[in-house]
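Supplied in structure tokens, the structure appears directly below.
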Amino acid sequence: MFYLKRLQEHQKIFQRSKFWLGIFIVVLLCIILISIPPTLSQQPVVLNLLMTAPDAQPWKQFLIKDFEEKNPGIRINLIEGPNATNLLEDLYTSAFILGDSPYDLINMDVIWTPKFAAAGWLLDLSDRMTQQELAAFSPKDVEGGRVGGKLYRIPMRSDVGVLYSRKDLLKQAGFQPPETFSDLLKISLALQQQRKVNWGYVWQGRQYEGLAAMFVEVLEGFGGFWVNPNTLEVGLDRPETLQAIAFLKETVAKGISPPGVTTYIEEDTRRFFQSGQAAFLRSWPYVWPLANAADSPIKGKIAIQPMVSNALKTGGSCLGGWGLGIAKSTKHPEEAWKAIQYFTSEQAQRQFILSAGYVPSRRSLFTDPEIVAKFPYYPKLLEIEDKAILRPPIAQYDQASDILQRYLSAALTNRIAPESAMKAAAAETRMLLKTRGSRE
Amino acid sequence: MTVIPSGNLQTTTPAKNYGTNILRWGAIAFVVIFCLAPVMWQVLTSFKVNQDIAAVPTIYFPGRITLNHYIELFNRRPFWRYIFNSAFVSIVSTAFSLALGAPAAYALARLRPWGGRVILAGILIVTLFPGILLFLGLLEIIQRLHLGNNYLSLIIPYTAINLPLTILVLRSFFEQLPKDLEDAARVDGYNTLQMLVQILLPMTIPALVTTGILTFIFAWNEFIFALTFITREEMKTIPVGAAQLGGASGFEIPYGPIAAATIVGTLPLVVLVLFFQRKIIQGLSAGAVKG
Amino acid sequence: MAKLELKNLNKTYTPKVIPVKDISLTVDDNQFLSLLGPSGCGKSTTLRMIAGLEEPTHGRILLGNEDITFKRPGDRNMAMVFQSYALYPHMTVYENLASGLKLKKTPHAEIQHRVKEVSQLLGLEDLLHRKPGQLSGGQRQRVAVGRALVRRAQVYLLDEPLSNLDALLRERVRADIKQIFATQKVPVVYVTHDQTEAMTLSTKVAVLNNGYVQQLDSPARIYNHPANLFVAGFVGSPQMNLLTLPCQTNYAVLGDSKIPLPDFPTVPPQIVLGIRPENVRIAQPEDQQTIRGQVYLVENLGMHNLVSVRVTGSDAAPLSVRALLPPDQSWSDEEITLALPPQNVHWFDVHSGDALHSTHSYPAS
Amino acid sequence: MTNLQTIRHREQQTAWIFLLPALLLLLFVFGYPIARAFWLSLFTQNLGTQLQPVFSGLDNYLRMAGDGRFWQSFWTTIILTISTVSLEILLGLGIALVLNQQFFCRGVVRTIAILPWALPTALIALAWAWIFNDQFGVANDILLRLGLIKTGINWLGEPTLALIALIFADVWKTTPFVSILLLAGLQSISSDLYEAHAIDGATSWQSFYKITLPLLMPQILIAILFRFAQAFGVFDLVAVMTGGGPGGATEVVSLYIYSTVMRYLDFGYGSALVVVTFLLLIAGVAIASFLLNKSRLSKGNT
């Protein structure tokens, strides 16, 4: 109370002093400026979409122009984000956490979907597409967009782990493509001994998300699992996991993989393979056009196949890829859906793939004559696509993956023994996932 | 190295003097190069054409000079907006922290409030809190008040973060003012607020300038709140906008534009430092040492 | 107008404030009261309490018949001149003079009129647009006085306004101040540690020590009839001779001499004799109260010689007496006889320090 | 205005009116988030609970004890803090001594010397990332030309080297701050002391140890205190320059907190991390200010 009374006493100065007038003006200016930005974005409907700067180029070339021509009332505002996809994820995340997201459409990596859905940022798209419509997409891609039985993401482009091999070398040495891990080791060693190549097999061993993607495939091949998304059971300390690590360590120990492989990311391994130094490479489809470029020493000498496995299992390939979702906070869900329908349509995808060389999400396009003419390996890719496996679709995937990456990398670089590393990794993962099961 | 600060002691022989002189100028040259070289390198990079930037061995002084990186910066990004946002947020929060800090500093310097020492100690400790301890709690408030992507979401924390320094510096200035002046004002009929605004603040303009410059620098440079509380392009400040520059292709980090962005973002501060070097030194030491 | 009254003013000690124990005073209209005392006596604290810059722990301040003890300084309509002048450095002389009036919402024309009047009185007309930094010390002092006068206050308070001036200027300004404030017809309270200022300016002097009023009287009575040892010792230069002497029946023993005591009701075993150096003279044959002593120090003050004499016969506890003697004689190591005229001798109680009076009251001076 | 309201009383009121807006803002921006973190750290609030807070007692702290990533980031922070602060004090002292000399163009050199401190850390981090670039970085080029290395070093790709690069950048950025504080301390030391000491026959080095260093101790400790707190909470430099990489090798605690909240949406656990960091910081500050008080007292005695 005394505060108010004193304020009144001071009021004379408030009225007279230039000082306070100045402050008042500043505050006023401030308020005016604050209220400007929202009013800027009115009619026509603008849909904001964020993606990495390199990804944005093919979108700009054709898709957006075509869509805006066909839908005059809607404009797509493409925001170019940083190159690293994890930074992109951070941008989306911080925008949604803040509660004032500028993004209407969300261009999502497959591993983001459970997180974004669990956080309640995505619009449920289950009723927007019929079963028949969905059947046109690769089932694994669609599955990657489902969380808790609801559909949140429509696949736009797919991506899947691929084992590349030098078919010329295999043929010369009289080998069939490898089926099992021991095949892979055996053929590699043989080719190395014949001095055909310096190294047998290269993979991504750096501590980053690529390591998890690579490891999921090896784990699948040994019949192990990482996290069961339904029961949240953790399988990292099971014998299968240790077998998988033993295999990877063996490749280095036997000189099949270069010692630096534990620091490699995709581009390091591609350069290695493309220069003809390795017989096998585990990577993504993007390598194909580059390795078959006119100036590539291995042009026309490579084949693709799914990842190998042990004798009891069939191999699996890690699923990647991007899809589109709609932000729950958007003011224009209908327009956004229209955009998604267009971008995931067969015709738009065909154009997109022909110009940018991405892997389609629609099954029909893998065998589309026009596309096969340009990308002859796509039918084979479809086979691999059908064997694709998902990284655990759990909401806390990022954290789980980080735990795995750290301990796996430590095990691979001999800083921790594999058993204790995986024990710790399993313990930390269980601690992380425990909350839902134990409380509530 | 000579360690006698005044340098007035001429007890050494001329030969030895010559030696210390060389040492001294060597040390000065080291300081200058150490402090300036990284910035100069960025300046040079920003004017190089892309081939020169990626040349091996490194080209130090480019034969070809280009402004393309700057042009690209302003074309591909709303860089003017970034500059405006940074300037606006910095200026307003500086004004606020002076407006809130000056009365508080006066109260602590002269009005002897109960618990004044505790308050002062609290203010001192608070200057040591890094932003990472605060952003989560502030984020919740901002979510609840829907202040995300609003200038206020930066202005309020910046004002608060600058308040302790403002209070400490201004308090030490107020304490140095002659007390008679305030008594004279009281006898003349000024109340405390009038006295503060009409008599004391005009006399503390140098101190206000000092504090204002420091708070402006802090606000301009702040990163973590700007990164967290602003996600719309047109609301971003320069440090965040520049840190999030992406390249045109996945394998090329746009070093040229990044260098240009560095230069554009640091230029205002370089100018400030050039003009107010003395005041910055004075203010920093007043805030830290006298507290 | 109104009289200013202080009733049992007390301010207990805080780290920044010199304590005041118990001060009661009255200053009437037209009275010029000096608070005189050494530093640390509480005179400034008293003034600041009158101004409202400090609040008393106990006691009351009355102006007219209104209790203003806790009124804010600005509402008391008092004006104050500070030792440091405390001019607002960022305002011109005109603004300095006008600031108090502006705050009181005085009409603009009235402000101009009063500033003009005061600046004419003080000779500030040509300086009105300068800032304090561009003025000399004397000019600043005049602005400070002007800022008070412009207010046409009910009470004027001056806190050692001359102490920052050099000696020559001080005398001139002193005279000016006396004239100016004589015309104001309101109570003026003047704080100083300089007895000359107090004596020359005041109609009434309050000598303060240790937070108490030692004596409140006219300057002449303060000088001629100091109420106690402190006042006796503090007022007057060179300082009064103060000698602690043993008593025998109705004599005080000073060396070889016996000084007769006035008829006190009781004779204490010891007593303090006080006599100002200017009242001590070379004994003439007709003088009755004389002492002999050895000259051991002669200080030439120009108009007089200040001669220090060791009293003969006080070897056990050496006593010395200082005398102001005409400069035309030279003294060195001589034994001389000095006269202590009885009408100029003051007696003080050894313990309380109070002046002792004979049963016959002194004639008023 | 009644007589009941004494002058002192009014002064108190005015003081609090003046203090209140500032204090409220400080409480709002500093007090609330810290208090809130303490509260929230007792809950599990993450994607596993649909971002709803579920009370879980000290679970978060238990999890932290077994969280390898937390401990790794903690040690990284400690290493970074200790190495940067000690280097900065040494280098800052040297620079302050240089800047305190009388020489031609001293003002210009002082201006240059405080420049790094004033520039935005995020932008400077970009500059350093470019300097330490493995292919085109000038750091490699200089070392190659000097013949110190044979092939380019992948500075930001190797855990140890990345940490060294970070320390270097941080030292560059914040040494000026230390220099400024120490310079102020140097200027407050009376030159009489040096002259008296020199007349006693002391050499420059002796007077440095006997006069400069002891009298500068309070400033040095203040600089350590401030730098400790700043280095302990460093975020922007690491976030922009290395992003915590490679493989989390340069991840400091503040970066881990940020990821936990802003990437993993693990608010409860993030709060527990905030609480622990806060307590560690307070402990460090308490030790430093204890030393500071002690040195001030001992200075007062001599």
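The chains carry the letters A, B, C and D, assigned in the order they are written, with residues numbered from 1 in each.
Everything that follows uses one rule, which is that contacts are C-beta pairs under 8 Å (C-beta built on N, C-alpha and C of every residue); 3 or more make two chains touch, one makes a residue touch a chain.
A quick note: this is a predicted structure, and the numbers were derived from the prediction, not measured.
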| item | value |
| --- | --- |
| Set of chains whose contacts include both chain D and chain C | B |
| Farthest chain (mean CA position) relative to chain B | C |
| Highest C-beta pair count, chain pair | B-D |
| Cα-centroid distance, chain B relative to chain D, in whole angstrom | 15 |
| For chain A paired with chain C, centre-to-centre distance based on mean C-alpha positions, whole Å | 93 |
| Where chain B and chain C are represented by their mean Cα positions, the distance between them in whole Å | 56 |
| For chain A paired with chain D, centre-to-centre distance based on mean C-alpha positions, whole Å | 36 |
| Where chain D touches two or more other chains, by residue | 14, 16-17, 262 |
| Where chain C touches two or more other chains at once, by residue number | 52, 72, 75 |
| Interface hub residues of chain A, defined as touching at least two other chains | 87, 94, 97 |
| All pairs of touching chains, each written as two labels joined by a dash | A-B, A-D, B-C, B-D, C-D |
| Footprint of chain C on chain D - complex, ascending | 1, 3, 5-8, 10 |
| Residue ranges of chain B in contact with chain A within the complex | 76, 88, 92, 95, 99, 139, 142-143, 146, 148-152, 155, 191, 193-194, 197-198, 201, 227-229, 231-235, 244-251, 253 |
| List of chain A residues in touch with chain D within their complex | 2-3, 6-7, 86-87, 89-90, 93-94, 97, 115, 118-120, 206-208, 263, 395-396, 398-399, 402-403, 405-407, 409, 424, 427-428, 431-433, 435-436, 439-440 |
| Of chain B, residues touching chain C in the complex | 178, 180-181, 183-191, 194, 199, 202-203 |
| Partner chain D, residues of chain B touching it in the complex | 1-9, 11, 24-25, 27-28, 31-32, 34-36, 38-39, 41-42, 45, 53-58, 100-101, 103-104, 106-108, 111-114, 116, 119, 122-123, 125-141, 156-157, 159-161, 163-164, 167, 192-193, 196, 217, 220-221, 223-224, 227-228, 238-240, 242-243, 255, 258-259, 261-262, 265-266, 269-270, 272-274, 277-278, 280-281, 284-285, 288-289 |
